[in-house]
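Chains: A, B, C and D, in written order; residue numbering restarts at 1 for each.
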Amino acid sequence: MPAKIKVRVLFFALVKELLGKAATTMELDEGTDTARLLQLLTTKFPALKSISGSVMIAVNREYVYSPVRINNGDEIAFFPPISGG
Amino acid sequence: MPAKIKVRVLFFALVKELLGKAATTMELDEGTDTARLLQLLTTKFPALKSISGSVMIAVNREYVYSPVRINNGDEIAFFPPISGG
Amino acid sequence: LSSARHGGAGVLQSENVLELTSEPLDINRYFKVVEDKTTGAVASFQGIARDRFEGKKVARLEYEAYHAMAICQLTEICREMRMKWPVRKIAIGHRTGKVEVGEPSVIIVVSSVHRREALEAVDFSINEIKKRVAIWKKEIYEEGDGMWKENEEFYHLRDRLGAA
Amino acid sequence: LSSARHGGAGVLQSENVLELTSEPLDINRYFKVVEDKTTGAVASFQGIARDRFEGKKVARLEYEAYHAMAICQLTEICREMRMKWPVRKIAIGHRTGKVEVGEPSVIIVVSSVHRREALEAVDFSINEIKKRVAIWKKEIYEEGDGMWKENEEFYHLRDRLGAA
């Protein structure tokens, strides 16, 4: 069995609304990447499916534009396209 | 003898300082143009000679960039390069 | 009122004032902040909550921010501004929570010795904010429904960098 | 306080506020003037009296205007702004007489529905003012002497059009 890592997961705006929560802590298999985490979340929260094509991901407050490996203690955020200003 | 016209002549900034006055009324021969008026003023106020190369002229509140004929009642202004803002 | 002053190496990051706040923004406070004896120019931009969107009457806006990420991004935008232009001081404020129609949602004030830098830096920074800072806006309509908006500028950036 | 509101055909010249005044300029009054329910953007520029010029300490500035010509020119600049961009309201104020270091000598505030217009219109108008509006600035130095300044932007224009 792979070792486990623990991450803080944050949701904003429409993603937060669809999931009904702003944050959660998750235990993941070591080696999990951001694409896999989005899959896991979509399974757990089917409402996410409706916008999964446009969901943005940030790891430790930096956008990631392709899947990256998640490390223990990372802060992973999921959110829709931004609209500040 | 040519007919006479009467014009209002205004001076601003360094031109006003050199001439020691802000405005004057002048009687000119009909047909006088702005270049001739500048000559007349330079004769009357020799101090003007020091900056005559950079003096700007406006007729009725519009810049003129080459000599134009002056009409009775015109407002002619002489001033240095601008520096607003 | 949450306020952050950021120190950084090389550039005068201490001369940036960056705020994400649920309180009304006060541009006069930012004008004070950018005052400086060597300043010859102060440029500003305010984004104001508009009263309608495609014919629908907007009752108010609601902004949400990923605070920690947004402040990092604003700090980075200031750093880039200072690499591009010799600006003196920068103040940027963005509202969170409810914003009434007519109120500013974002204010940028920049001072510099000559005018070009301040004008170009303000223009640059509002574009960069729209492109990448982790803030979201929901329009609440008078009929009671609402819609999360998406900045076009963000898509331009994302298309260049590739989707997640 | 000398104030002028200009009506014009075709463009909303009634929505311009143009002032040449020996009183301190108040940017908040201009922000009020450009308020509008449809406004999504307010951009501003302030030119500030600086404390030194090429190492000489400046005690204050003295501005002189050819009022009637300057107001005509500002009105024309507003007309051109409205031809180029769909801006909502424009407020431009310029000081005359003594201006202390740190005080604004010129303020421009423009509102528009979207941000691009207001930002570009402000940039355009300060450049046009420097190029052509009949206003003169004298720097008075702490040593007591003074110097009438000349805008570079004016020379660029004059070189294009030919000297008088």
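Please note the rule applied: a contact is a pair of C-beta atoms (placed from the backbone, for glycine too) under 8 Å apart; a residue touches a chain by one contact, two chains touch by 3 or more.
Not measured: the values here are computed from a predicted model.
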For this session: Sort the other chains by how far their Cα centres are from that of chain D and give me the top one.
Result: A
Exercise. Distance-wise, how many Å sit between the C-alpha centres of chain A and chain D, to the nearest whole number?
Worked result: 51
Exercise. In whole angstrom, what separates the CA-based centres of chain A and chain B?
Worked result: 75
Problem set entry | Centroid distance [mean C-alpha coordinates] between chain D and chain C, Å | 25
For this session: Identify all positions of chain B at which a residue touches two or more other chains, and write them in rising order.
Result: none
Problem set entry | Shared interface positions of chain D, touching two or more other chains | 47, 126
Problem set entry | Touching pairs among all chains present in the structure | A-C, B-D, C-D
Exercise. Tell me, which parts of chain D touch chain C in their complex?
Worked result: 27-28, 31, 35, 37-52, 101-102, 104, 111, 113, 115, 118-119, 122-123, 126
Seminar exercise, completed: In their shared complex, chain B is touched by residues of chain D numbered 47, 63-66, 68-70, 72, 94, 105-106, 126, 129-130, 132-138, 148-151, 154-155, 158, 161-164
For this session: State the interface residues of chain B toward chain D in the complex, per the touch definition above.
Result: 10, 12-14, 16-17, 34-35, 38, 55-58, 61, 63-67, 77, 79-85
